[in-house]
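Here is the structure we will look at.
Chain nomenclature is as follows: A, B, C, D, E, F and G, assigned in order of appearance, with residue numbering initiated at 1 for each chain independently.
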């Protein structure tokens, strides 16, 4: 797997979103809305200017909502994920 | 529901505004003015550079006034909301 | 009334300025100059990075001079006001 | 008079400059050079991030040199002045 | 070899990526995705504003994933490498 | 004379440069190179965010090298000078 | 010689690069790559916001690799050099 640096998260996308990332844009009324996914790996947090790690709120296993245009599509072990920063996460769905 | 991160708020829009977000722009004299809504969820506050949380002023239940163009439209449990940051709130209506 | 957040002020505009905000631009030689108004509500001050509130100088009742293009027109209880930040106030008239 | 906020200064312009501010540009070889004026009111200093006031160097009565394009033309008690920030002052003439 | 400064890394590219850096763009479905490489040299870390070094997470020998457009192509001892900053590394592959 | 504020310097230009500032561009091979001048007045140093003055390195009398496009042409007591900030000085010639 | 300010370095360029700086661009496959040179003078380090000098890593005599477009061409005692900041140095060659 990938061990993310700083406050980065590796997120497994929900199917609908993954298709859009792959280039297939599905016509839908809400296509500008944020999408969600499950966190499969999380970094240790951002390094503050005083050398301390700023603790992460998001944990592995969390279902998170984030902006559709945030992050970078990555491939790890043949699987597609999104790498994004915790600061781009709007909230945790429960 | 959604547990917002940092200083984010989830706001239930007043009806007039919701229609505009959905694409129906109603002709009105004051359409450039800020709009209001009720806070249904609030984050724990922004993480300062020294690792402390900066306390929130806005609480769940508050009626807030904010710029019409602030925030992102989100859908949670089939309901439409606006996710915005406390720094984009002009004030609390009482 | 509106309880402003951070270092925001709610200002009751002088009549001449209010008309311009409402779209009626009156021909005048000094129309690019700052305008003044009376503060009717003031926030608690901006939150510094260390968590302290930075004390406000402007108080409710002060007559303030500010840039004509600063702030946002808002409507509270059927009255028109301008919401602006203390940092956009040039000075207090006495 | 006007009580300036932060590190703002109220400066009485020398005559030549005042005319240019009023829209009459006088042809002259040095028109791109900084201009000078007398400080008639000075703010208490900028508020630092730790809540302290940063002491002002410029005092009321000082003759200051500043960039021709700095500041805002204001009118107080029927007189024309320039409001500018201490950081835009190049130096004090003695 | 090169002793990198601050938080810079010297990375030996995987072959596919090296060809693209050399100007030969190979048609492929995933060409916009991040690429990986092996760290052959690492700086001591960025100098914080208080004079302390901010400790590096990435070590020599790590296989790192980074954005395809990050860093600068360099040549050391006749070999091609990429010099990039730790902040541009998405994560460590294990 | 002029008492410069913050980290500003008043520099007496060498003749070749002064002519260029006055509008006469002399054809020469090195015209894009930095120019030098003698410091005739120096400010007390920039005020740091904690209220301390940051000590100046450049002293009155120093011959300094600076970028040709740095600073502002000023006139004091009928003499032409350049006002520039210490941060724009490349180095001291000895 | 020149005593550089802050974190500036004076670098004697390798011949190939010097020619390009002088305007003669030699056709070559690697012309976009960083170039190297020998440090002949080094500043005391950048002044941090708390008034301390941030210690330099690069020493006089070091052979450094830096981006081809970094720094400014200067002439001191009839010799051509490049003045650049330590932050633009990629690494030290050994």
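Everything below uses one rule, namely that a contact is a pair of C-beta atoms (placed from the backbone, for glycine too) under 8 Å apart; a residue touches a chain by one contact, two chains touch by 3 or more.
Here is each chain with its UniProt name: A, B, C, D, E, F, G = Co-chaperonin GroES.
Quick caveat: nothing in here was measured; it's all calculated off a predicted structure.
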Contacting chain A as well as chain D are chains none
Taking each chain's mean CA coordinate, chain C and chain E are separated, in whole Å, by 50
Chain D to chain G, mean C-alpha position gap in Å, rounds to 40
Where chain G touches two or more other chains simultaneously, the residues are 49-50
When the ring is traversed from chain C toward chain D, the order is C, D, F, G, E, A, B
The residues of chain F that touch chain G in their complex are 30, 32-34, 48-50, 52, 54-55, 57-58, 65, 67, 86-87, 89-94
Given the complex, residues on chain D that touch chain C span 1-6, 8, 10, 41, 43-44, 47, 49-51, 72-76, 83
